[in-house]
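Below you'll find the structure I mean.
Note that the chains take the letters A, B, C, D, E and F in the order they are written out, and that residue 1 is the start of every chain.
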């Protein structure tokens, strides 16, 4: 398949179309709305399921294979908030708090972008490495913490934000699921497969329908924050994405794995980071960081970015 | 299978039995109750899934095959509110507002009756046409609007009610699902089948358990509104149902498809219509239209109507 | 497989590990929390599904086979609250109300312990009898009522509590599901299997994650109530469990069935009983009975008890 | 527009009591009520682990004598054993006859 | 600290009306509002069987003249046909200018 | 029956602040509180897109001096950066000693 064909395939996947339907519903002012409990239930299910699947795979992986990818991920975890911070200061011209807030968002990971990339990679026939969910946690936690450090430099309740990230539900579900998967292995998997594996992609589709509505309700804010934020929210992911694919390749990941690591690296958090930033940097402007991560970067990655990172991975890795 | 055997089969389906259990739970004053979020989540799931399945089927159907059934449906959409309005005025002797409200309910469609009929038809071995969910939308929207026009004739916020119906969640989910199904086709279906197709019938069973409780809480109102409403709520569906089967047959639908179109035509809305009517005709009495549609016509169709429409379809078409 | 191997298998099952993750999340003060609607939805699903499956099995069982196990269960239903009451009075030294409250909890059944035991028994290759869910209801209702009688002896709104237990959601869902399963049989089962059977074990795993969090929030109370309650909450289940296995064996149950009856007998309610007791015995101390049943007996049975009852069943029967 | 002064009684209680409390206040003369699910902490942290969740917050607009009767009944039958609090406020309504 | 006296208007209504009510109160001068989902019973038990659930409880803090306008508008356009009640209370806030 | 006058402080805030606010009011002397999930709009429409949903509505019955301390603390540490409002009302309770 060539790149255009893959782009078409991505655009016409139920997942991306459901996101578009959500956007359309909000723009048409439909009264469609997901109950909050459904949104939360789907989040819990998706995160735990992805962790669990990863854990089962992990139980079959020799630890030594994990070493290089983990190092590559830690490298990304240190670099991404720095580049985010600098670009925000220089290119957007915002103050220290706002730059720190943006750095925290582009320094951590969007779990849904990760899932979409994994699904895409599997969909085009790759078999991405099973330990990738471990890397999500490895990328998420230091990223946020470093960004907050950048912004604070000598004050405030950083410890609280740190604890919040480490014991945050995303991390607990992802790592907890991973551990359970690793411990219960294939025998456990066999019994819960019809719940955690088979319906997974459909549940993700439903979740993206909701996320489309949430993202669309941020589109109005786009006009206020302007063109520069749009550029920021697309160029930074391209940069981080290409870098992620590259170091993934160097660390020995398969093209599928490198695609997913690229997408992770390109993504911006809109669950863990906003909560941590709101507590640690209350003076930063939520309109800025939420619009950038949720209304610009997330749809960009979902629709265009992932196929691009895949193309890069194919081109580098063969 | 003869008609009696089919009736027995319908009565002993988990779906109808779950509805009966819901009714029983309410009459026994059990504290069983579904959280509202579960009801909404099931609704969203069912509507989107049915649209999606229809869309995938549609993607395999030549458009020209759709023409006649669509015309037949539009014909029903114009006729049903008229007959509903006239019967309400003459037979029930109610005023213009109440008649318009009833006409709106019997002019639009109960999605669950549609699902139950589809399930029944598939259960007895038919393969109803894939584009039927499209017809639901075609029957729903003009039906409500015409009924409101009848009641208002020259006043009020009709436009608002019209917009409300078109962008209402039922229509958005149904048509949106249809579009996504049509665009992503078999390739998309393959990935979401274990979520949107396989567990569908079970989810519908759970939903009917809740609907049984809701319907039963209307039974008390039955005594007040009296025998005439009971007759209204059973004769009108029989009339509309037979008509629906007949024009479906004329338009070239298979016996299974004609059965489903008949059930759609016989059904009365209890989601879209009440909301639209409450806004556009606040002076109409909700006790009247909700009791008729939810406590009389819905169970009647579920238990007796659908097998009857099927018998008619076999008799005419088979 | 020997007993240790089975214990290990149980400890590393996704179910038990999910419970442990829930406990850990609460002890780490994670902000992970299930929306109440999700907890309720899972409860409804699990109870109805287990009833339904039992009913389908029941439809294939000759009634006469049920007689002896039903008698054995009734015997347990009478004995368990008595032994609970006496042990609470003598060993814990509590007053009549508190003893009655504890007796009601250890006189009725924890549906989740029942499910866990069933799953365990199936997991190690047994085929427990299909009518076991019927026995749950038979054990639950008289147990609570007798316990309340013990505590009240001549006063109060016992009738209300009785009605509450009989029409309580647990009993309605379990018995209702059983009836629906029995009436719709294999034909019904075929259609809802992908919803009510295949994903069952995974849904139970998710539910146990939440239950772990709920149980952990009681651990703090453990220190106050002290060592004697801990002993009470482990010795009583061992006694009741062994007895349950034994009379199950006498009544002709298979080793798998006897294991499950033993676990049922060993379990303490934390859904039906607290509600009934709070209404009928408001002067009893909830800290006592909730901590004992939820924070001591439930985890004990889940982790250690079930393998022990299984070992006894093998030893007696196998 | 005529504004009529009435009393607003708010009861926060464990949700298990909902049915009983509604019956009590209606028996004592309340013509309506509004309930919102709630959570909270007070002198007894403990709430039963229950499908219904934790607390309810029940409001009813009533004439003063009904308000006093409700409080008296709560004090007598509920405060000793259940997790319940109640308070009264002054409110003004249109259509005062609706509440009497 | 300066405490400024204002009026708190609470409206309990069928949830279907949410959008219309919010538009009305904003048009009449309310600068903000808080909504909580609720259930209840009153003179008309009946609520539409609807995805939205049953009632909402809407609160808005406003100056007295806005409160009166809101009540007047409710009385004219909503009380006759819809299940709606409303009441006013006295409250004290910091930063009074936020609500005017 | 003795009715004791007290203050009811209501805080509407973004839900993220729940834990911090509960700690603050308890530290300042509140003996209990009731929380209800809410949504709303005010001067800053913006709320973080978050699993917790949007707002909470926290109520606490306290003596007057505690009420003032709570308001002062909110004004100092929360009003500048967070979406928070607060108001005070007069309420009457039975068993006044429970709240002191």
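Note that a contact is a pair of C-beta atoms (placed from the backbone, for glycine too) under 8 Å apart; a residue touches a chain by one contact, two chains touch by 3 or more.
Chain identities (UniProt): D, E, F = Transcriptional regulator.
These figures come from a predicted structure and were not determined experimentally.
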item	value
Shortest walk length in steps over touching chains, chain B through to chain D	2
Chain labels contacting chain D and also chain F	E
Pair joined by the larger number of C-beta contacts - E-F, B-E	E-F
Numbering shared by both copies at the chain B-chain A contact, with half separating same from different	different
Inter-centroid spacing, chain F versus chain B (mean Cα positions, whole Å)	47
Distance from the mean Cα position of chain F to that of chain A, given in whole angstrom	35
Cα-centroid distance, chain B relative to chain C, in whole angstrom	41
Two or more partner chains touched - positions in chain C	35-37, 40-41, 169, 194, 199
Residues of chain F touching at least two other chains	36, 89-90
Touch relationships between chains, expressed as pairs	A-B, A-C, A-F, B-C, B-E, C-D, D-E, D-F, E-F
Interface residues, chain E side, partner chain B - complex	14, 16, 20, 46-53, 81-82
List of chain B residues in touch with chain C within their complex	9, 12-14, 17-18, 21, 24-25, 28-38, 41, 123, 194, 198-203, 205-206, 209
Touch list for chain A against partner chain F, complex	36, 39-40, 43, 169, 214, 218, 221, 270-271, 274-275, 278-279, 282-283, 286-287, 290, 294
Of all residues in chain D, those that touch chain F in their complex	10, 12, 36-43, 55, 57, 68, 71-72, 74-75, 79, 85-90
Contact footprint of chain E on chain D as seen in their complex	1, 3, 6, 8, 22, 31-36, 61, 89-95, 98
